[in-house]
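Chain lettering (A, B, C and D) follows the sequence in which the chains are written, and residue indices restart at 1 in each chain.
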Amino acid sequence: MNVLIWNEHRHEQQNEEVAKIYPDGIHGAIKEFLETDDIHVETATLDEPNHGITEERLAKTDVMLWWGGHLAHHEVADEVVEQVHQRVMEGMGLIVLHSGHFSKIFKKLMGTGCDLKWREADETERMWVVNPSHPIVEGIGEFIEIEKEEMYGEHFDIPAPDELVLLSWFEGGEVFRSGCTYRRGHGKVFYFRPGHEAYPTYYHKDVQRVIQNAVRWAKPTDRTFSSYGNAKALENIKPKS
Amino acid sequence: MNVLIWNEHRHEQQNEEVAKIYPDGIHGAIKEFLETDDIHVETATLDEPNHGITEERLAKTDVMLWWGGHLAHHEVADEVVEQVHQRVMEGMGLIVLHSGHFSKIFKKLMGTGCDLKWREADETERMWVVNPSHPIVEGIGEFIEIEKEEMYGEHFDIPAPDELVLLSWFEGGEVFRSGCTYRRGHGKVFYFRPGHEAYPTYYHKDVQRVIQNAVRWAKPTDRTFSSYGNAKALENIKPKS
Amino acid sequence: MNVLIWNEHRHEQQNEEVAKIYPDGIHGAIKEFLETDDIHVETATLDEPNHGITEERLAKTDVMLWWGGHLAHHEVADEVVEQVHQRVMEGMGLIVLHSGHFSKIFKKLMGTGCDLKWREADETERMWVVNPSHPIVEGIGEFIEIEKEEMYGEHFDIPAPDELVLLSWFEGGEVFRSGCTYRRGHGKVFYFRPGHEAYPTYYHKDVQRVIQNAVRWAKPTDRTFSSYGNAKALENIKPKS
Amino acid sequence: MNVLIWNEHRHEQQNEEVAKIYPDGIHGAIKEFLETDDIHVETATLDEPNHGITEERLAKTDVMLWWGGHLAHHEVADEVVEQVHQRVMEGMGLIVLHSGHFSKIFKKLMGTGCDLKWREADETERMWVVNPSHPIVEGIGEFIEIEKEEMYGEHFDIPAPDELVLLSWFEGGEVFRSGCTYRRGHGKVFYFRPGHEAYPTYYHKDVQRVIQNAVRWAKPTDRTFSSYGNAKALENIKPKS
């Protein structure tokens, strides 16, 4: 199974505090806990040619992770977004992390504005499991508690998720749909809220477990691609007057 | 209540057979059965300036109907599509008819390819009601039978509908999700399959009733628009170490 | 439109504090804000013969409201539950309020245990709108704040709602799916969380508005009931070898 | 992984034609293609003591399959139904096959009547995949064609499925939601339509593949069971006046 982690990777280079938390970048931290004997992980970042995303690389990717949609996101080429979208239609899984809610690829897949409320105030987040049989929360207790996180609050301008898995409580008074699955084309999409760059969220064991589970859940289903267009009748059609 | 019917209106001008069926255009035929004391209906077509869709006109529209997405759809300006999308986000209802499945606005709202199988073979369609309590099928029996229609067949490349209301059986052997509701932003969207230009489908009483019902279902909900962006805390946040 | 409010009506008779808040019973308080020119409201309580629910009365009821599922709920006759269930299958709307989550009728309609976490601690509840175009939240702002309520917390053991409309934040750290729609048979069901007997929740203008909206949303759709059982073929079936 | 196949097993004993098709019973035929190195399969039938379903046996079952709900279903003890329901709430997967749509356990899980139209007329069924990325259709083409089957037609009186995977076309003019997933409590449920006793449906490779996939999809998610009831606050609650 081939996984590609895409990270904007600007915060880590521009902000010393972030660099201390994620010395190898957020993508490096995620790679660390994702790689196993049967999962091969590569990474790509904004400043690489073509943002590190070639058609060849996409073609062999089973599941892609996407971090970033705020700081430098206007620099992401529309052409690359089209390529990623096409691969999701073909079956590639996509895990959209945190600020990726505002990425071009997530907006294109959702068809809505994807806006929300936010606040940086070192506040406690508690993500409650509301879909107890979902494989994405295997090994997770009743909730995941994160001592300090950025707040994302409702209304979150997304389509109703196909499956709502996690709901966040925030100390400052808001709630948020934090773990949402979608099927788009032949691909599976999971949005997972936590992961602000200023906090060590990706070292949290439960956050890691959810992402590990999500990658396995999102892997392509082995089927021939659908055929579209003009189709011959499978049964006789009676002549009409 | 203000309704705006948009129709590509090229088939009717280019094809004598179509012109005979719809001498006032498909938009004219739909206007005929939609207009009532409390519903004011206007129409717009591709060849009008700005395709007949100005921001001013959109601003006062409660529900828009959209016919067309094949023949001349590449001529629809992206800017107009953006304006319509923005109005759906703000709460305008949108009823997408037949070939509108391939329109830019529907694809943008769905986030998928929206492709399907099709065939023109004078075949019988029978749309079965699978959501018996939905207001969109008020007054409709167990199924709607149309003697001759174009076939649209699965796989239909759309997100799973929020509500599946009607399922089509086709004589040639296919099935199709023919009545699908979606909520996008503050707006409601209904896709309704039948309505090939070469058949008198819009004179069918049950087809008319579904569209009448859908327009009432899709009307904007009277609420203040959500606020997004940076948000003050509603509760005290404890200082963290 | 005929509405029937069912209330256990024991708390009000056994507890002076509750009686002070709801001198005419919870059903009386709800009747007060539901009755309009086009909505006729009746009430029924546990201690009436047949709990005030006769088949004749049910037959003419369009929407029923149900309060209570804890204190004396074991006294509710199974036969009456069957009758109410049958009427929902036929198209009657059902609004289940607060402790009604544990009522026999709600459990029967859901097919799950319907259990939850709870706490009586005078805590603040803030219900956020997550489905901004839903008619049930017409006239409601971004959230409804209730200064003091009983807490109900996840995991709430229900099927995933057809539509999730409201999400609660609780001061003590929990979240809850507080406004949930379901379609069952030909009927519509809405579960609405707030309404603990020890608080004046049903005098809250926004709570009243949600219930008013829900009653209109839940009204039966005017259609002939489906036919089931052995069915004649609508098309020719070829003889097989 | 432990699988338990329950079969009414009366048709096979009462009807010679059925006995010829399924000499080891329908349960025997299903066991044959389900058993693998990592899946241990046992069977149970109506006429065994406790219908072959003891609490001990249920406790170790990961996924149960259920065939039958018509012929002798009134003989199934309510107590056994309660036990199976309880195990689904705890996480056991349940695959409901064909006439199981009318079984007590399926009705109890659905909360609706689960009725439908039916016809025995040797007619062709074509099940179309409408959820192309679902693991239950891995290895399946665009449709599954069965030359001769019993017809089940809409309206099928079930709650809207959490995921609709397969849609049937029938030669006689009907459609049917044939592959439906549900989550109930901590368990997963899959309803799969085909499998009339008078036809060799369970020898069809694609039908076998769907059931094999469904068993793996339905396996319990490894998590601690939720706690319900009175809950201590996780955060400070301010005293109210």
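The rule is short, and it goes like this: a contact is a pair of C-beta atoms (placed from the backbone, for glycine too) under 8 Å apart; a residue touches a chain by one contact, two chains touch by 3 or more.
Bear in mind that the values here come from a model prediction, so they are computed numbers and not experimental data.
Visitor: Within the chain touch network, how many edges lie on the shortest path between chain B and chain D?
Guide: Between chain B and chain D, the shortest chain-hopping route counts 1.
Visitor: Can you name the chain that lies farthest from chain D, using the mean of each chain's Cα atoms as its centre?
Guide: Most distant chain from chain D: B.
Visitor: Could you report, rounded to a multiple of 5°, the rotation needed to superpose chain B's C-alpha atoms on chain C?
Guide: Rounded to 5 degrees, the superposing rotation is 180 degrees.
Visitor: Using mean CA coordinates as chain centres, what's the chain A-chain D distance in Å?
Guide: Each chain reduced to its C-alpha mean, chain A and chain D end up 32 Å apart.
Visitor: Take the average of all CA coordinates in chain C, do the same for chain D, and state the distance between these two points in whole angstrom.
Guide: Centres of chain C and chain D (C-alpha means) sit 30 Å apart.
Visitor: What's the distance between the Cα centroids of chain A and chain C, rounded to whole Å?
Guide: 36
Visitor: Chain B: which residues touch two or more other chains?
Guide: Residues 124, 126, 129, 131-132, 142, 153, 155, 160, 162-163, 171, 173-174, 183, 185, 226-227, 234-235 of chain B each touch two or more of the other chains.
Visitor: Given the complex with chain A, which residues does chain B contribute to the contact?
Guide: Per the stated touch rule, the residues are 89, 108-113, 115-119, 121-124, 147-148, 151, 153, 155, 157, 159-160, 162, 171-174, 182-185, 226-235, 237-240.
Visitor: Taking the complex as given, what residues does chain A use to touch chain C?
Guide: The touching residues are 126, 128-132, 142, 153-156, 160, 163-164, 167-170, 173-175, 177.
Visitor: Help me check something: in the complex, which residues belonging to chain B touch chain C?
Guide: It is residues 91, 124, 126, 129, 131-135, 137-142, 162-163, 171, 183, 185-188, 220-224, 226-227, 234-235 of chain B that touch chain C.
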